[in-house]
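Both of the next two complexes hold chain A, though its partner changes from chain B to chain C.
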Partner chain A sequence: MMSRNAWLTAALVILALFVGSVLDTRLPKPDPAEADPFLRPGVVGQAVELRNGVVTATDVRVGTEIRSIGAITATTGRWLVVDYVFEARGEAQFKAPATLRLRAADGRLYGETPGATAACGPAQPGIPLACSVPFEVPVDAIEGAHLLVPAEVHIDLTDDVADIDLGLTAERAAELAAAEGRVELAEPTTVGG
Partner chain B sequence: MIGSVADHTPQRAAPKRLESWRKRYGLVSDILTPQRIGLVLLVAVLLVAGLLGGWQDALTGDEETLPTSTPSATATAAPFTLVVKKAFSGDELKPAAYPSEGVRYLFITVDVTNASDAPTFSSILSQAATVDVPGVAKGVDPRVVRVLDGQGARSFSPDVVVPVVLIWEQDAAQPAPTSVTLTMSGHTFRVSTMDSSKEWRDPEPAWTVTLPVEEVPAS
Partner chain C sequence: MDTWWRRNRFWLALLLPMLALAIAASSFRLVTLYRPWQWSERIVAGGPTGTLRQEFLGTDDLRRDREVTVTVDALAAVPTLGQDAAAPGATLWRVDLTLEADPDQILDGCTVEIVGPDGTRYATNEAGKVPADAQDPYWRATRALCVPEDAPGPTLFLDELIPPERPRPATWSMVAAAAIPDGVTPSVVRIMWDRPTYLELDTPAS
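And then the complex of A and B:
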C-alpha cells in the first residue's frame, strides 16, 4: 500500500512534467538555421563548388515528351530538362537523378521523375561528365526556377547544395513553355573525351 | 429518551456491514492488493474491448457516413485532388496489364493532381485506394500506371495533372463486377514519432464513389 507521501510525490512529479512540457512548447528554440544546407549559388554556365565536386548547368530544354534509355515519357504539363556537367573531387561519385530538385519561384519542389533516367556517373575525379536531368512541371513553374544539386543524397541535409539560377525570365519561360516537342536525354558522356 | 436511543439503533448497522466486509477483505488483502485489483480491471477492459473488435472501429468511424462523390467530379483526398472517371474489367490492358492465368483485372481511371508543394510518391495514392469486390485480395494496393505513356507512376509532381489507371487483380473464378465502390483515404503531413522524417501518414477514409464497370474495349 502506497503511503500518502508516496502519492503526493507521484502527483508532484506528474505536475512537474506537465509544467515542463508546457514551458518547452512556449520557450524559444535554437536557431533552425544551424541545420540548414549550405547553399552555393550560381547561374547557368558558372561552375559551382561542392565539397565533393563541381557542378555546372549548361542548358535548359523544354518539351511535352522525353526519350531516355529508349523509353518515351509524356506529360500534360512540360518536361524541363537541365543539362549539366559534373566533375567529382577526391573519389568517384554518382549523381542519382532522384536526388536533384527543381525549385519554382514560389517554393514548390520538383523531382523524383517517372521512368528510367540514367544516373550521372560514375564520374571519375578530374574527368567532367555531361548529364541531363528531367523535371515534370506545370507551365507556371518554369519562370524563375532554380536547379538544386546536393553534395549527397538530399537537399535538406546540412551539407553543400548547389543553387543554380536557370535564368528563366518571364520572356524566356514563355518561349520555353510554347515548346511541345520531344527532348532527347543523352547517356552520361565524358566531356572532352 | 429510551425512544430516542431506539431511533438511533438502525444507524449503527452500516458501520457493522463495513466492518464485516473489511474482515472479509482482510482474509485476502495480502493477495488482492489495490494495485493488483487495478491491474486485473485494466486487463479485463482490454480483453472485453479486444473481443468486441478493439478501438479501431471507434477511431475510424462508421464508413456508411462517408461522403459520396460522383464519377468525373473533382474530390480531394490529401495530398491529391482526384477526378475518378471510369471502371473497366478485363483480362488485359496492354501495356499496363498482360494476360495471366486465373487473373481478371479491375481498372479504374483517375486524373491525379498532387496538391502539395513537393513530389509525392505514388505509393501514397495506391495505399489510399481500396475497392470492395469479391475476388480482389484485401490489403493489396493497386498498381498505378500512367495513361499517357504506360509507365509505372513513380511520383506525382505538384500541380501537374497525371491521368493514371489503378489496377487490381481479381480471382477469375469470381464473377466480373458490374459496379464497384472505390473508397479514397486522405493523409496528414506530419513528423514521424520515431524519427524526424516528415511524410504523408495516417490514411483516413475520406469519401467513396460508385462506378458502373464496363468491359475493356477491344483494341
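And then the complex of A and C:
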C-alpha cells in the first residue's frame, strides 16, 4: 500500500517530466548550429582563406546573354557573372562550378546552370587560376547578393564556406540591372606571377 | 578519516581508463571510414628506391595484394615536355621513374605527385600547365601513363578483369611532370594507386 507522500512524489515527477518535454519541444535545438558551415566573410577584392585554398572575387558583371565555351545563352532575367581567382593550398584543388551558390538578400539561393562553364581547376598550389561563374537570376535578386564558395562539395556541409559580399548596393544593382549586353566568359586561365 | 576521495578512490582511478576507452570507442568512424579514404598510410623509402606493398579492394570486390618497386631516376626542371609547358610564373619539373613488378599486378591508373619543401603536393596532371605552342588550339595536357601503353598488364574495367594481350615486361619506365611555382625546389616524389597507401621517394641528388 503506497503512502500519500509516495503518490504525491509520483505525481510531481510525472508533472515535471511533462513540463520538461513541453519545454524541450519549444526551445531551440543545438544540432543545427553544430551542423552549420564555417562562414568566412569577405568582400570583392579581398582574399578569403578556406581550408584548402584562397578565393578572391574580382568583379561582378551583369547582362542578358552570356557566351561561354562557344555557346550563347540568353535569359529573360539577368545573368550575374562573378569573376574570381582561386589559389589552392597544400594540394591541387578543383572548384566545380556546380558547387558555387549566389545568395540573394532575402535568402533565395541560385545555382549555376549545368554545363554553362568549364570547371575551375585543377588549380595547382601557388599558381592562381582566374575563373568566372554565371548565375541566372531575376532582377530583384541582384541587390545585396552574396557569393558562397564551399571548400569542397557543398555549401551545407560542416566545412569552410567563403561568404563574399558582392557590394551590390541599391544604386549599383540598378545600374547593373540596366545593362542588357552580352557577357563574355573566358576559360579558366592561370594568373601569371 | 574516511573522506569522499578515499571512499571513491576505486571509481576515481577507473575514470581515466574509462575516458580513454570512450574516446577509442568513438574513433570508429575515423578508423573505418575516414582514414581508409585518405592518403593516410605513408611508406617512406628513405632513398630513390622503394617498394609499395598493400592490400586493396578492386572494383570487382576482390581483395588483392599489390607489390611494386619504384625508383626515381631523375627530377629536374625542363622548359617543356612534349606539348606541355608551365604557366607564367611557374617551372615545369620532370620526373623519370622506373617501375618493377610481376606481370600479374594491376598497376594502371596511378597518381604521381611532386612534393615541395613545405610539404605542398603538386599534381602531375594538367594543373598549372599551358600549351608549349601558344597557337595550338587543340592542346590537351599529356596524361602520364603508369604502365607501358602497348603492354599495360591486367586491367579492371568496372567489375571485370581484362587479361593482357601480351605480358608486361618486368621493368619499365614512366615520365610525369608538374608545373611548380618559380622559386620552389622539390626533392620528394609520391606515387600511389589505391587509398590509403602511398610511397614517398627521395630524388637521387638529395
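We take it that the second predicted complex is superposed on the first by the 158 of 193 C-alpha atoms of A that agree within 3 Å, B and C clash if a C-alpha of one lies under 4 Å from a C-alpha of the other, contacts with A are read in each partner's own complex, and residues count from 1 in each chain.
By our rule, contacts are C-beta pairs under 8 Å (C-beta built on N, C-alpha and C of every residue); 3 or more make two chains touch, one makes a residue touch a chain.
Predicted model, so just to flag it, every value in this text is computed and none were measured.
Of the two partner chains placed by the overlay, only chain C lies in contact with A:Ile127; chain B stays clear of it. Look at A:Leu109: by the touch rule set out above, it reaches chain B but stays clear of chain C. Comparing chain B with chain C, the partner in contact with more residues of chain A is B.
Contacts of A:Thr58 after superposition: neither chain B nor chain C is touched. Contacts of A:Ala141 after superposition on the shared chain: chain B is touched, whereas chain C is not. In the overlay built on the shared chain, the residue A:Ala71 is in contact with chain B alone; chain C does not reach it.
Residues common to the contacts of chain A with chain B and with chain C across the two structures: none.
Remark: chain C residues 87-90, 113, 116, 119-123, 125-128, 130, 178-182, 184 touch chain A in the complex. Residues of chain B that touch chain A in their complex: 33-34, 117-119, 121, 146, 148-149, 151-155, 157-163. Listed in rising order, the residues of chain A touching chain B in the complex are 1, 71-77, 107-115, 135-138, 140-141. Interface residues of chain A, counted against chain C in their complex, comprise 89-92, 121-127, 190-193.
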